[in-house]
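Below are two complexes that have subunit A in common, paired first with subunit B and then with subunit C.
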Partner chain A sequence: MMTTLRRIYMALFALYLIGPIIVITAVSFNAQKFLAFPPRGFSLRWYAAIFVENDWFAALVNSLTIAAASALLSTAIALPVAYAAWRYGLRYARALFALGIAPFILPPVIMALAFLLFFSSVGINGLMANVIIAHAIFLLALPLVTISLGLESIDKALIEAAQTMGASSWTVFRTVIAPIAAPFALAGFAFCFVLSLNEYIIALMTVGFTVETLPVKIFNALRYGYTPVIASIAVLFLLVNITVFSLIARFSNLARILGAMD
Partner chain B sequence: MRKSSLSRYVVLIPSSVMIGVFFAIPFALILLVSVSSPADDADFRLGFDLQHFERFATWFYIERALFSAGLCALIAAISMAIAFPFTYVLTTFKRRAQDLWLIYILAQLSLSEVLIAFSWQILLSRTSGIGNIMAMLGMVERSFAMTPSAGAVIAALVYLTVPFSVLLLFPALSRMDRSLLEAARTLGASPVRTFFTVVIPVTRPAIISGAVTVFVLTLGAIIVPQVLGRPQHWTLSVLITDQAIFNFNMPFASALAVVLLALSASVIALVSWLGRRAEA
Partner chain C sequence: MTQQPVIEARRINKHFDGFQALSEVSLTVHQGERVVVCGPSGSGKSTLIRCFNGLEAHDGGNLIVDGREMAADSPHIRQLRQDVGMVFQQFNLFPHLTVLENLTIGPRKVRGLPRAKAEALARKYLERVRIPEQADKRPDQLSGGQQQRVAIARALCMEPRVMLFDEPTSALDPEMIGEVLDVMVDLATSGMTMVVVTHEMGFARKVADRMVFMEAGRIVEISPPEKFFSTPETGRAKLFLNQILGH
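On to the complex of A and B.
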């Protein structure tokens, strides 16, 4: 009885999670310029449209560029902070760490408005660099947390052993710390990349009128009626997300990053 | 030694500059602009003027703030309640099955709110959604649209937050001492009773902090209330966007943002105070 109930609940929960995705996937294969479920006919034209129609493709390129650049910048900002907080336990580094986490905890519209006010008062409007910096700061919590998780998994006795045998601190960093921490830094980069790709409100408020990212373009498109291209983009994005997180699971320790014990 | 301890701080300079210039200053600007006064030449002049907060203190905006808080509390409760049993079962799966589920959950969690709102719009539409399926199965006479409605907003917001709830509960449930369960079973407790008298009390701190996080997260939702709801379902975040982007009223948008900030901060503070009192 218990097992049956449990199975029913798990099946219903899985249906709730995956059901909308199934409908969207089906709609994206429609042959006509009409959102129908069950789909009428089968066609990949709405997937081709992302790459063939200039405005959709431009938005895709913008989104990918911003995501890659902001993830790189965010990881670069996070690395020294997480390292100094862990290695030397500096109080200043810990304060910086806490400050770096804050933007991610606040409702995103607050940071979006903050960036809008900042960039318009210094008079730098509409540059792609604005949203790259804004995303790097907004998502800073992710590389900070993953990198420090990686560093905490290093056995400090290992470092002492290396030092006793005469290794310089650079050698210790290069041969002991970096190899263990690198997959976690990469995981931080990947989390940032995916969330920047999907972020809407900050992209809208910083550069919404000059550099159109995919989420912004989709929201604008929603006002003027629906096109199946949006469904195909949703499927594409979900696949990108799944790929990135599978890579993290493969090359890093996903369950550990998410807080399980080994 | 002195040189090396100085160099520890030197490597922190670039990060400090980035965080200081692009987080601390923009954040301070919101506070400053929210108390600025209007000017003829520009839209506002820095100063100290509470007129934007006075505008907030009318029933229309207070009602919006109360509605936002109530909606977010409801979403947090539903989301945690349906995510908890799932996460509990998930942690008993083999490592590989756990990883697969976690990958899917993360992928859905990262999906843009714009895409989630769109998906639910389709799902609840007349021509290509649940209504259509029900009509085909003969459950209803003809298909009907289920948006815009409060139910649609709730269903999509829970969908948006459920993956977060799972991930927030995951650490506590996966680290939970399983011998407690065995002890309860040996003493004759049924699985249901074990669940309610052992599992839930042991993981209560995670449930409370998770619910608060989901509450704050829902406060940030912008697209779902706009796309799936009527104007009476709009939350503070929607109003802030509206003021900033479409009315170009930065001071009032900032004042609303300060209210939103105060609302999130006070809920976080209240719950952590309750948590500490419960421990003592």
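On to the complex of A and C.
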């Protein structure tokens, strides 16, 4: 009796999680010109549309560029801060660390407003660089946390062991610290990339009228009707997310990054 | 012992936040000599040998290693450390490298040896510690005893003039202590200069030229093992020996 109930519960739970994905995937293969479920006919035209229709393709390129650049910038800022906080326990490095986490904790709309006000007050409006910088700051918490986790997994006695063999600080960093922390930095980069790709409100408020990213473009498109391209893009995003997270799981300890103890 | 001293400590002191870990410690270790340092925990044994390769900076007295002043900020500290091998209680192997890479990384990155030469050296020392077949494994695939033998080989690959051992068997399961001590006896017999902090008195009896007994940051007694184990000079040493041998 209990096992049957448990199975039913698990099945419902799985359906609840996977239901939207099934619907959106089905809709994306629809042959009709509107979002229909169950789909009528089968077609890949909405997938082709992403690459063929100029405005969708431009939005895709914008999104990928912004995601890659902001993830790179974010990781580049996080690395020295996390390293200094870990290696030397410097007080100001810890303060910087806390500051780096803050934007991620604040409501995104507040951050979006702050970026909007900042960029207009310095008189730089509508550049792609604006959203790259904004995303890099907003998502800084991710590489900060993953890189710190990676560094904390390094036993400081390993550094001593390297030192006893005459290694300089730079050699220790290059041969011991960097190789152990690298997968974690990569994971931070990947998290940033995915979240930037999916981010809407900051992208809208900083550069929404000049540089259209995919989420912004989807929202704009919704106002003029429900094109199935939205569904195909959703599936594309899903694939990107799955790929990125599988890669993280493959090359570093995902469970640990997500906070599980080992 | 007529050879030149490799390590010469003259009245060295070391403080940690107001606590004096070493007071006025003087000890000379000559080329080819095996010195075993023992004493109750907290007596400063580890601190002393950590000073010998600059992992801790002494804050008083003089420490001459290999004819040069050792201080944490000395310009030649990296050169000095290459001449002073160290084996830790917790092995401290690099987890991201294979056994062979653990052994070659120092010679390659610090001494600048080409890969082939470093590997030949590594295989020679793996043979010496009797685990040549584990070369391509990762440290976490080895037993504690094997890991410690790899750590010894890793230190040997730097071809140091003196080897320091900081309680090398304390973290091991009892059945693995023997294999590590065997390797160390081997090393001692081959003429390596060694300073060993250990509670393994059987090992000490077998290889030590001199026993050093420490308590509360001071060297209380230095004597040859025959004398140290039969008629220790000090009551404290006698008490200590009774505690660790008397059961």
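In the analysis below, the second predicted complex is superposed on the first by the 262 of 262 C-alpha atoms of A that agree within 3 Å, B and C clash if a C-alpha of one lies under 4 Å from a C-alpha of the other, contacts with A are read in each partner's own complex, and residues count from 1 in each chain.
Criterion: contacts are C-beta pairs under 8 Å (C-beta built on N, C-alpha and C of every residue); 3 or more make two chains touch, one makes a residue touch a chain.
Since the model is a prediction, treat every value here as computed from it, not as a measurement.
Chemist: Among the partners subunit B and subunit C, which is in contact with a greater number of residues of subunit A?
Modeler: With both complexes superposed on chain A, more residues of subunit A are touched by B.
Chemist: Regarding the shared-chain residue A:L113, is it in contact with subunit B (first), subunit C (second), both, or neither?
Modeler: Once the two structures are laid over each other on A, A:L113 reaches subunit B alone.
Chemist: Which partner does A:D155 reach: the first (subunit B), the second (subunit C), both, or neither?
Modeler: In the superposition, A:D155 contacts subunit C only.
Chemist: What is the contact status of A:I177 with respect to subunit B (first) and subunit C (second): first, second, both, or neither?
Modeler: Touch status of A:I177: no partner.
Chemist: With both complexes superposed on chain A, which partner does A:L142 reach: first (subunit B), second (subunit C), both or neither?
Modeler: Neither subunit B nor subunit C is touched by A:L142.
Chemist: A:I218 contacts which: subunit B (first), subunit C (second), both, neither?
Modeler: first
Chemist: Pick one for A:P80: touches subunit B only (first), subunit C only (second), both, or neither.
Modeler: first
Chemist: Of the partners subunit B and subunit C, which touch A:A167 in the superposed model: first, second, both, neither?
Modeler: Touch status of A:A167: second partner only.
Chemist: Applying the touch criterion given at the start, work out whether A:I242 contacts subunit B, subunit C, both or neither, answering first, second, both or neither.
Modeler: After superposing on A, A:I242 lies in contact with subunit B but is clear of subunit C.
Chemist: Considering each complex separately, which residues of subunit A are in contact with subunit B in the first and with subunit C in the second?
Modeler: Common to the two interfaces on subunit A: nothing.
Chemist: Hey, which residues of subunit A end up touching subunit C in the complex?
Modeler: Answer in residue numbers: 155, 157-158, 160-168, 171, 174-176, 179-180.
Chemist: In the complex of these two chains, what residues of subunit B are touching subunit A?
Modeler: 8-9, 11-12, 14-16, 18-19, 22-27, 29-30, 33, 82, 85-86, 89, 91, 95, 98-99, 102-108, 110-123, 125, 127-129, 132-133, 159, 162-163, 167, 170-171, 174-175, 191-192, 216-217, 219-220, 222-223, 227, 237, 240-241, 244-245, 250, 253-254, 257, 260-261, 264
Chemist: Sort out for me which residues of subunit A touch subunit B in the complex.
Modeler: Within the complex, subunit A contacts subunit B at residues 2, 6, 9-10, 13, 16-21, 23-24, 27, 35-37, 77-78, 80-81, 83-84, 88, 90, 92-93, 96, 99-100, 102-103, 105-118, 121, 133-134, 136-137, 140, 194-195, 197-201, 204-205, 208, 214-215, 218-219, 222, 226, 230-231, 233-234, 237-238, 241-242, 245-246, 249, 254-255, 258-261.
Chemist: Which positions of subunit C touch subunit A when the two form their complex?
Modeler: Residue positions touching the partner: 53, 55, 78-79, 81-82, 84-86, 88, 90, 92-96, 105-106, 109-111, 151, 154-155, 158.
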